[in-house]
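Here come two complexes built around subunit A, the first alongside subunit B, the second alongside subunit C.
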Partner chain A sequence: MLIQVLNGIAYGGLLYLLAVGLVLIFGLREIVNFAHGALFMLGSYIGFSIAAVFNFWLGLAGSLVAMTVIGIFLDAAVLRPLRKHDHMVTVLVTFGILLVLEAFATAVWGKSFRSMSAPDLLSGTVQIAGEPFPVYRLFVIGVSLCVAAGLTAWLRFSRVGLYVRASSVDPTTTAILGVDTDRLSLIVVGLGTGLAGLSGVVAAPLMALSPTMGNYILIESFIVVVVGGLGSFSGALAAALLIGQIHNFGAIYLPWASTMLPFLLMVGVLIWRPTGFAGKRT
Partner chain B sequence: MSIGESQLGGVGVRMAQQRYSWIFGLAALALVLGIAAPHLIASLLWMSLLTQAVVDMMLATSVGILVRQNGRISFGQAAFFGLGAYTFGVIAAREIASPELALLAGLVLPTVVAFLLGLVIARIPGVAHAMLTLAVGQALYEVAFKWRALANGDDGMSVRMPDTIFGIDSDVFQSPATMLVICWSLLVLMLLALSLMARSPFGQLTEVIRENDERARFIGYGTTLPRAIIYGVSAFIAATAGILQTLYDGYISPQMLHWSASGMAMIMAIVGGPRILWGPALGAFVLFFFKDIAGDATEYWPALVGGTLIAVTLFLPEGFAGLIIRLTSRAVRRIKGERP
Partner chain C sequence: MPLLAFDHVDATYGQARILHGVTFHVDPGERVAVLGRNGVGKTTIVNTLCGVADIQAGAIVLGGERHTSPRHYLAARSGIAIVLQGRGILPNLTIEENLLLGASVDRPGRWDLGAVYDLFPILGERRQSPGLGLSGGQQQMLAIGRALMANPNLLVLDEPSEGLAPVIIDELADLFRRLADEGTAIMLIEQNIGLIQRVASRYYVLSKGTVVESGDLAGMTTQQLQDHITI
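Showing the complex of A and B:
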C-alpha cells in the first residue's frame, strides 16, 4: 500500500515538474504551451545524448541548461512578438512548434524507441515497509520535492518571485506598475522550459524515449493545470499529487478505466468550478 | 430596423432574393462541377485522393463553424468524427440493427452528445475550453483504444459493408468515381445550408453571442441554447464526414479519434480562415495536397505543416480565404476604375 502511494507520488512529482512550467508560462504570457510536451521530449533526448558520451549527471545538468537557453529563445523569438495577438493564435503557433520539434527529433534520433538507464548510484532497491522499492523512484520524488520547495521559496521571498506572482494574477496591471514583464518573461519561460528539460531527463529511465513520448504526459499535465486552476502554483502541486495517485491506483483497481479517470476528473472539476481548485482566471 | 422593414419591405425582400439567388447559383455550379468531375479526371488515384480531401474538408468545416458562430476553439473535434464512424461501423458490422438505422444512429448520437455537452461547456471560454474539448476527445479515444471487445482496440476493425444501404448498392460508396460525387455534393449542400443559417435571425444571434455573450443576455436572449445548437450542428457535420470515411474505407480505428487528428482539423480550419464560411474547406483542400506532396518528398512533413501553420497565423491572420477575398476585391475595384 505504502509502495503504491510512493509510486503515485513519483508520477505526480514528474507531472508537477511539467505542470509548473506550464503555469509559469501561463502566468506571464496567458497562453497554454502545446509545445511543452515536445520540449520535455527534446530535453530527454539531449540528456540521453550527453549521458551516452559522459554520464547521467552531466546529462541532467546539460539538458537543464540547454533547455533553459531554448526557452529564453522561445520567449524572445516567438512569444514576445506574438503578445499583441489573440492568445488563441499563440496557442496554435505552439501547436505548430510541437509538430516541428517532433519532426526534428525524428530526423536526429530516429523513430525507434531508445532507453536510458539510471546511474549506478541510483540503481537497485531499498526495503520500505518490508517491500522492495526502486531507489530511482525515491530520487524522482526527491527532485520534484526540491524543485517544489525551491520554487515556492523563490516565489515567496525574492523580489522577482513577487513580480512573478503579481503577473500571474494580472500581467497588465503588473506592467503598468513598472515591472518589466518582457524581461520577467524571459526568466520565467526559460525556467519553465528548463524544468521541462529536467523532468525529461528524470523521466527518461522510467519510460522509453521516442519523438511522441511527450504527448500523453502533456495532456495529463494539462489536466493538472486546469484542475489546479490556471495560473495557480499551489493548485498545480495539489492537483499533480492527486492525479499521480489516481493514475496509480486506477491502474491497479480499475485497469480498464484508468486512463480515463483523469479526464473525467477534469470534466467534473471544470463543470463544478470553471476556474479549477485554486484558480481565479479562465 | 422595424421602420425600414415596413417602408422598404418590398425592396428588402427583392434584395434578399437577389443575394440568395447568388448563393444558390454558386451552389448549383459547384454541384454540376462535382458531377462532371469523374468525367474530367481520368486518374483513379486522383479521384480517390480528392474523395479523401473532401472528407477532410467536411471535418475542417465542422471545426470552422464552431469558431465562426461560437467563437470557440475545439481541440477535440475528431471525437465526433470518430464517434459517428464507430457508431455506424460497430452497429453495421455486428448487425445489431439494419445498416440504415446504423447510419442514422451514427448521425444522431454525436449530434445529441455534442448538444448536451454544449449546454455544459458553452460558458467556459478560451484556453480552458480548448483543453476541455481536448480532454473529452482523448477520453473517447481511450475508450476506443482500450475496449478491445468493441472494435479490436488499437488494431481497428474492418467493417464489411452490407450489400445495399437505402437501396443503393454499397459498391457505389466504395468506388472513387461515385463516392467523390456523393461527398462533394454533401459538402456543397452543407455549405449552402450553413450560409443560409448564418444569414438567418438565428445565425445573426449566434454571432451576437460570439461577439459579446454578456450584452446578448442584457438584451434578453438566452445564450446557452444557441451555443449548444451550434455544437450539435458542428458535430453533425463531423459525424457525416466520419460515416462517409467509414463507408469509403470500410475500416475504423482509434486514430480517427486521436487528438492529433483534431489538431490537424483545427490547423486546416485556421490556415483556411474560419471567419469565412468556405475558408476551412479551402484550408483542408490545400493542406491535404500539401501533405500528400510533402509526404512523398520527405517523411518530416509534419514540420512543413507546422511551419505553414506558424507562417499563416503570423502573416495571414484571415487565412487563405481572407487573402483571396482581399485580392479579388482589389481586382474588382481596379476593373471598376476606383483607386485601391
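Showing the complex of A and C:
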C-alpha cells in the first residue's frame, strides 16, 4: 500500500510541476494555455538531446534554461500583443502554437518513440516497507516537493511573490496600484514555461518521448487547475496529489475506469464546490 | 503644470463610446469634484486614466506628458493614486499585504505602514486578517491607506462614500480635507452632496459623457448641486 501511495505522489508531483505553470500563466494573463503540454514535450526533447551529448543533469538544467527563455519570448511576442483581444483569440493562438510545436518536434526528432534513461545515480531500487521502490521516483517526489516549497516561499515572502499572488486574483487592480504587470508577466510566463520544461525532463525516464506526449498529461493538468481552484497555488498542489492517487489506485483497482476517474472527480468537485478546493465561494 | 489633465478625450469600451471630448485638469494641491448622475461616465474617467477604457481621440496629460494609450500602472507611477469604486481589496491578501501592494511604486514620502496604522489603528490591530474580513467603512480605510502608501501627489477617489454610514462619511471628509491641507491634491468623483461640499473647492459637471459645466463650488447652492446629481 505504501508503495502505491508513493507512486501516486510521484505522478501527482509531475502533474503539479506542469499544473503550477498553468496556474501562474492563467493568473496573470487570464488565459488557458493550450500550448503548455507541447512546451512540456519540447522541454523533454531538449533535455533528451542535451543528455545524449552530455549527461542527464546538464539536460535537466539546459531544458529549464532554454524553456524559460522560450517562455519569456512567448509572453513578449505572443501573449502581450494579444492582451487587448478577446480571451478566445489568445486561447486559439495557444492551440495553434501546440500544433506548430508538435510539427516542429516531428520534423526534428521524428514520429517514433524515444526513451531517456535515468542517470546512474538514480537507477535501481531501494527497499521501502520491505518492497523495492525505484530511486528515480523518489527523485521525482523530491524535485516536486522542492519546487512546491521554493514556490511557496517565493510567493509568501518575496515582494515579487506578493505581486504574483495579487495579480493571480485581480491583475487589473494590481496594475492600477502601480505594479508593472508587463515585467511581472515576463517573469511568470518564463517561470511557468521553465517548469514545464523541467517537468518534461523529469518525466522523460518514466514515459516514452513523442511529439504528442504532452496531450494527456495536459488534460489531467487542466483538471488539477480546475479542481484546485483557478489561480490557486495551494489548491493546485492538493489537487495534483489527490489526482495522482486516483490515477494510481484507479489503474490498479478500477483499470476499466481509470482514465475516467479524474474527470468524474472534476465533475463532482464542480457540483459540490464550483470554484474548486481553494476557490472562494460566491 | 497640472498633475492631471484630460484634453478633449473620447473614450470607449469596445464599440461603446462613453466619453465625448472630456476636458478638465487638476493642479497641485487642488480639491476638485466631478459630479454627475449615474451612468454619465464618471467612473469611465477613472477607467480611462487607468487604461481600462480606450482613448479614441484626445489625450490624457500626466506631468506634462501626453498619453493616448496609457498602461494600467502609468497613473500610479506618475504620482496619482486611485481609490477604486468598490475599493478593489485583494481578497487573498492580508490587510498588511494589501497596504504593501500600494507601496509598489517606491515613491518616497511620509506614508509607510506605521503612518497608515497611526491614521487607521484598526488596520494595524488586524494587519494579518484578510482584507475582505473588514466592514465596509474599514475596507474603505484600507483602500485609502493603500493609496496613501504610494505617497501620491494626487488622490483620485471614485465614489468613496458608497455604502457607508453618515458618521463614517463625516470622518472621510475630515480626512480628505486634512490630506489636502498637507499638500495632496484630491479629485473626488462623488454623488454625496455633503461630502462634496466639505471637501471640494472646484467642480466639473459631467452629463452624457461630456463636461457641461465647471466652476468654483463656493458659488453653488445645495439645490444646484442636487440638480446635477439627482437621478
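The rule is short, and it goes like this: the second predicted complex is superposed on the first by the 279 of 282 C-alpha atoms of A that agree within 3 Å, B and C clash if a C-alpha of one lies under 4 Å from a C-alpha of the other, contacts with A are read in each partner's own complex, and residues count from 1 in each chain.
Please note the rule applied: a residue touches a chain if its C-beta (ideal position, glycine included) is under 8 Å from a C-beta of that chain, and two chains touch if they have at least 3 such contacts.
Quick caveat, the model's predicted, so the values are computed rather than measured.
**Q** Determine, for the superposed arrangement built on subunit A, whether subunit B and subunit C clash or fit.
**A** fit
**Q** Figure out whether A:Phe222 sits in contact with subunit B (first) or subunit C (second), or with both, or with neither.
**A** In the superposition, A:Phe222 touches subunit B alone.
**Q** For A:Ser115, is the partner it touches subunit B (first), subunit C (second), both, or none of the two (neither)?
**A** neither
**Q** Could you let me know whether more residues of subunit A are touched by subunit B or by subunit C?
**A** It is B that touches the greater number of subunit A residues.
**Q** In the superposed arrangement, which partner chain does A:Asp180 touch: subunit B (first), subunit C (second), both, or neither?
**A** So A:Asp180 only meets subunit C here.
**Q** Does subunit B (first) or subunit C (second) touch A:Met266, or do both, or does neither?
**A** first
**Q** With subunit A as the corner point, what is the angle to subunit B and subunit C based on their C-alpha centres after superposing, as a multiple of 10 degrees?
**A** Approximately 80 degrees at the subunit A centre.
**Q** Could you tell me if A:Arg165 is touching subunit B, subunit C, both of them or neither one (first, second, both, neither)?
**A** So A:Arg165 only meets subunit C here.
**Q** So if I take every C-alpha atom in subunit B and every one in subunit C after superposing, what is the smallest distance between them in Å?
**A** Across the overlay, subunit B reaches subunit C at a minimum of 13 Å between C-alpha atoms.
**Q** Both subunit B and subunit C contact which residues of subunit A?
**A** None.
**Q** Which positions of subunit A touch subunit B when the two form their complex?
**A** 26, 30-32, 82, 85, 87-89, 91-93, 95-100, 102-104, 106-107, 215, 219, 222-223, 225-226, 230, 256, 259-260, 263-264, 266-267, 270-271, 274-275, 282
**Q** Could you list, by residue number, the parts of subunit B that touch subunit A in their complex?
**A** These residues of subunit B touch subunit A: 73, 120-121, 123-128, 130-132, 134-136, 138-139, 142-143, 145-147, 259-260, 263, 266-267, 270, 299-303, 305-310, 313-314, 317.
**Q** Which part of subunit C faces subunit A closely enough to touch in the complex?
**A** For subunit C paired with subunit A, touching residues are 50, 52, 71-73, 75-77, 82, 84, 88, 90-93, 97, 100-102, 104-105, 146, 150.
**Q** If we count contacts the way the header does, which residues on subunit A are in touch with subunit C in the complex?
**A** 159, 162-163, 165-166, 168-170, 172-182, 280
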